[in-house]
Amino acid sequence: MLLKKNVPFKYVFGKIRYEIVVIALYATLIAFAYNSYHFTRITIPLAVPAVLGTVISLLLGFRSNQAYDRWWEARHIWGAIVNDSRSLARQIMSFTYDSYDGDEVDAFKERVIRRQIAWCYALGRHLREEEVDKGLEKYLNRKELEYVRGIDNIPSALMDLMGRDIKLALESGWINRFQQVELDRTLSRLCDSMGKCERIKNTVFPVTYSLYIHLALMLFIALLPFSVIEYFGFVEVPLVVAISACFLLIEKMAIHLQDPFENKPTDTPVTTIAKSIEKNLMQLYGNELQYNARHAVD
Amino acid sequence: MLLKKNVPFKYVFGKIRYEIVVIALYATLIAFAYNSYHFTRITIPLAVPAVLGTVISLLLGFRSNQAYDRWWEARHIWGAIVNDSRSLARQIMSFTYDSYDGDEVDAFKERVIRRQIAWCYALGRHLREEEVDKGLEKYLNRKELEYVRGIDNIPSALMDLMGRDIKLALESGWINRFQQVELDRTLSRLCDSMGKCERIKNTVFPVTYSLYIHLALMLFIALLPFSVIEYFGFVEVPLVVAISACFLLIEKMAIHLQDPFENKPTDTPVTTIAKSIEKNLMQLYGNELQYNARHAVD
Amino acid sequence: MLLKKNVPFKYVFGKIRYEIVVIALYATLIAFAYNSYHFTRITIPLAVPAVLGTVISLLLGFRSNQAYDRWWEARHIWGAIVNDSRSLARQIMSFTYDSYDGDEVDAFKERVIRRQIAWCYALGRHLREEEVDKGLEKYLNRKELEYVRGIDNIPSALMDLMGRDIKLALESGWINRFQQVELDRTLSRLCDSMGKCERIKNTVFPVTYSLYIHLALMLFIALLPFSVIEYFGFVEVPLVVAISACFLLIEKMAIHLQDPFENKPTDTPVTTIAKSIEKNLMQLYGNELQYNARHAVD
Amino acid sequence: MLLKKNVPFKYVFGKIRYEIVVIALYATLIAFAYNSYHFTRITIPLAVPAVLGTVISLLLGFRSNQAYDRWWEARHIWGAIVNDSRSLARQIMSFTYDSYDGDEVDAFKERVIRRQIAWCYALGRHLREEEVDKGLEKYLNRKELEYVRGIDNIPSALMDLMGRDIKLALESGWINRFQQVELDRTLSRLCDSMGKCERIKNTVFPVTYSLYIHLALMLFIALLPFSVIEYFGFVEVPLVVAISACFLLIEKMAIHLQDPFENKPTDTPVTTIAKSIEKNLMQLYGNELQYNARHAVD
Amino acid sequence: MLLKKNVPFKYVFGKIRYEIVVIALYATLIAFAYNSYHFTRITIPLAVPAVLGTVISLLLGFRSNQAYDRWWEARHIWGAIVNDSRSLARQIMSFTYDSYDGDEVDAFKERVIRRQIAWCYALGRHLREEEVDKGLEKYLNRKELEYVRGIDNIPSALMDLMGRDIKLALESGWINRFQQVELDRTLSRLCDSMGKCERIKNTVFPVTYSLYIHLALMLFIALLPFSVIEYFGFVEVPLVVAISACFLLIEKMAIHLQDPFENKPTDTPVTTIAKSIEKNLMQLYGNELQYNARHAVD
């Protein structure tokens, strides 16, 4: 997931293209005014942008921290989804009595496994605001598909079906009441993960903060040419552009990290994770079938 | 919730209007004294405010962090309320025996669902110090309304009713003692969330800290004009105002974030969240009814 | 709790009174030496205290963070005490069978509620090293009072009584073994909170750290006058005092926050919290009585 | 583990060898141009790299923090693996009934213990992308070995076997259903730890961040010679090299710490930990055998 | 514990004695060269060490944070040991049936209590690498002593004995299977705490980091005299020494805090905590005896 090479460098530099051009023009203008028309009174001591630089550095550090935390928390949550999906599968396998109605139990087991896989894909697409029910026909039966398509929040509807199926298992005597509670806890954890993803998705980083940091940064960049012009002349232009680019890129990076479910290259790789869950669960279920078959032969 | 555009920019700038005017006048006065009366001995080397600038930057960073943590914790708590409300609903649905007194059980289920919705609204209004019982008649029956209106802390009273209803369910044999304990844990988690909200609401950020940071900032702003006057003359005024505004806005933002239940634009969107819980729970309950009806037909 | 206005400003400024006077005298002496006796070789470039200023700022930031964390953790713990006290009360209410020996059960319920209130007050007083058993006669019966007065750690003794009473309830058949374990967990959480308070109380902030930060700060203040004297003459005195006060106040504030159970104005408001628990629990118990009475009439 | 002396100093310095050489040549070239051809217009005021230095310091601090957190979390996870392995062993010992089919129970106990040891080694090798099944024949029987060799993810396959064995124990009446759930929780915790390791392994530190920090650092180093050349002449070369090395080493260190499962000297010592688990578990099992033998004699 | 006065000031200053002497000689040498032989070309602008000062400040801040976290986590763990020891004692008291073989049950209770106390002392001594079995004869009987002396890791062996004793209690019918699981959880928590202590003890702070920070600090100190010599002459010596001492002391303090189990004055006070656990548990057990005696009389 998030392979070392898969963030196109150009992609992000492209984002500050316009800023860079504007800053270059601005710096050139000032150099021109200073050198050709001798507006030499306009220089500023370097200590002025330096003071601003300190506070901006700290605010960008704060911003980077919070953005990273959101991104890392998103990754944590999907890590928990992987673990709890596996736990659910293992519990479904090892809790059920191999009772006389074995075929129904097997159908139940497969249904839960497939539905869990569907839920992972659906949650990923739901968070990225893509068409959620696409491709689910591979994992759900006709009745389930019909049911979930009638409902807004498909991942949540799938969890409701899960709850009902487990109630059915209890009433059919395939699991006992104590195990139902244990399975219910696993469902609760999965629902909690879903809720946490939605919290991150729906809560924007305080917008005024972003704005203030951006304003302070603009002020800093605006003052920069005046404070270096006297030393460098036209060499000032690339210098100002380079320093501005440093700060702007850090800001942009924080903006990208802070929304980890927007289908961008730095995103949480929800599809990759869902695929890996599918592979895991299908393997576990396949091995179980094999194992049971072998035991039946014995 | 907290949509990207819903924090009026003017709203916050309005908050530092007076400070800005005072600072502008103050800076102008100094520029006037310097230029017209040649009080040139009053200049200060820039390094003096720079030292203060470093410590203030760090303190504002510290302050921003703590304020952000309070705000983010508030959002976490309400995320947990969403999850636990859904868990409570799912447990009520899947734990109850569909026993012979089915109508009473259905009434019990509906009562719990509606009361949970009422609790979310009531908690939000309680935290914002609004009239708590407004609009609750939509979710509570007459007897419940009467009961809670006699009590100070309405959300807490609703939870007491919840506890008693679950005890009733146990005594009526609709759930077993093991499930009661599990439901009691869900109630405990909801009560914990309520307690945590009250903790954030009732614990102010250490007031002396705020004061010291503000004093240090004032000292910094007071020294600023003296240290830039010699380079800029009257251009100093907008420069001082701009730099001061940067620092003051960061401070104001921290002050706003740190109290997340005050019904301000940057608040935790408790009403929006409560509405979303209502939608979720009613949908879950509606589907349950539909599902049961269909099964009864089968 | 910790109302916005209840930290007397003078109270804290009073704490740095002596330092301020000494610094003022020291700065005056240097200004005098410089101006009247022309000891002009003693000036220091401002960059020297500036380097120290950076490291001190970072250390004060570190210190403030740790102090704030201790204070906020203390507040968290007492928030958990509020929640667990309420949980204990709710469980005692809803777990007990309304068996034939109803009066004894009611006495047991009341005893637990009152003892829990007593525990909260006692813990607060214990942490503040006040006379612990004062006022407890309002909540405990004669036998309990006698018992706890013979023991060093009264809050801990109250918890032992709680454990025994719950064992009694189990042996009398008022609760079952499963519920006993659940109640035991609530007691464990309350004991954990008590232990955490004692950990914060008994573990001082590493004293050498405090000392080093203080020494570095002293060095910084000692160098300050030498580096500003050449620009300001006697104006240097208020400037040095103001900057020193900024740093000293931040240090003092951290010192105050880091010990949250010392009965100081910035303390955790343990008494207020205990009072609020008392109100909550008595109301819950009162409502229960009323509710039961009404039901008995029905 | 990670002994004080086992990180070869040369090893890490070797990593910045090429950078150091390039920087030295670059600095020499500039000194040469300045001194011999009198390109004296190229000097830069020191404040320019100083501003960059502040923002880079903060970003390296941020980077170090995140890298350290990943490394420390990896260590935490393996600490939890140690604890849960021991818990699993203790539970297997103390939960099983010493029933009439004692030999089968003993074989079951030994199988679980040995498989747990195998799992620890396999997980370590899996994370380091080494040949996973090497050496497992010491701990697994022929059938188990065959089974896991057919599967991609060997640690995960071992956990599946564990789940099945515990189901067998339940069905054979060696443990009861309540204990099965408790053992299942221990397995869940172990699987969670495995999932967490994979999360850290598979989630790279946001690559654009690394890139930006590196670019800013390069810019800083590129400007450094120009700003010190006028003071030092050729002495500038070692000075620039030394300062650059400081910054580059911190960056390199963060890069090393952030991937704690790559079989590098600063890694999480997974093999050492697995060995210590083996020693612990074998000792526990050996003592158990001894103890039982002694009791049988009694 | 860790009383305010018990860190001998000299003790820590003693640690930087040699560094201070070397720095003083080095600074004197430079002052001498500058003043007497007029090597005046060797001055460095103050901004050079200032840049280094910023990055070193940040790294020392980072270092202090991590060291403090380790120290505070160690304190947390021992706080948890206090709480879980008490919980174990309370559970042993309140879970056991007062069955007909009362004397054996009493012996069992006392054995568990005494063994728990022994475990706390043994763990403390084990972590500090002192002779572990010294003084344990006060708490353990002959058979237990013999057993643990044959084993490497004594605290771990004591926990094994605990597990077996609880199994015995179950088999003798003194506790039920449900309570066994609850007691097993308490043991698990205690074992987890032991494992966490060992993790902190065995994982050194990344040694290359320490080294780099130290090298950067050395470079900073080496440059310092050159940048202040032109202003102060021989006064430079105490100034350089004082500033260097500030930085070195902070580094030393971090080094001390980061290893909290090395029997140094700033250590976690494991013996004091173990003593306090002993007092607590003996008091609890004594009261229990008294209480039971009184009831027997009644």
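All chains are identified by letter, namely A, B, C, D and E, in their written order; residue positions are counted from 1 within each chain.
Everything below uses one rule, namely that a contact is a pair of C-beta atoms (placed from the backbone, for glycine too) under 8 Å apart; a residue touches a chain by one contact, two chains touch by 3 or more.
Predicted model only: the values in this text are computed from it and were never measured.
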item	value
Chain D and chain B - chains in contact with each	A
Gap in Å, rounded to a whole number, between the CA centres of chain E and chain A	38
Chain C and chain E, separation of their C-alpha mean positions in angstrom	24
Where chain D touches two or more other chains, by residue	47, 50, 54, 57-58, 61, 178
Ordered ring members, chain B first, chain C second	B, C, E, D, A
Of chain E, residues touching chain D in the complex	43-45, 47-48, 50-52, 54-55, 57-59, 61-62, 66, 151-153, 156-157, 159-160, 163-164, 166-167, 177-178, 180-181, 184, 187-188, 191-192, 195-196, 198-199, 202-204, 206-209, 211-212, 215-216, 219, 223
Residue numbers on chain B that touch chain A, as the complex places them	1-4, 7, 9, 12, 46-47, 49-50, 53-54, 56-58, 60-61, 64-65, 68, 71, 75-76, 79-80, 82-83, 86-87, 90-91, 93-94, 176, 178-179, 182, 228, 231-232, 239, 242-243, 246-247, 249-250, 253, 256-257, 266, 280, 283-284, 287, 291
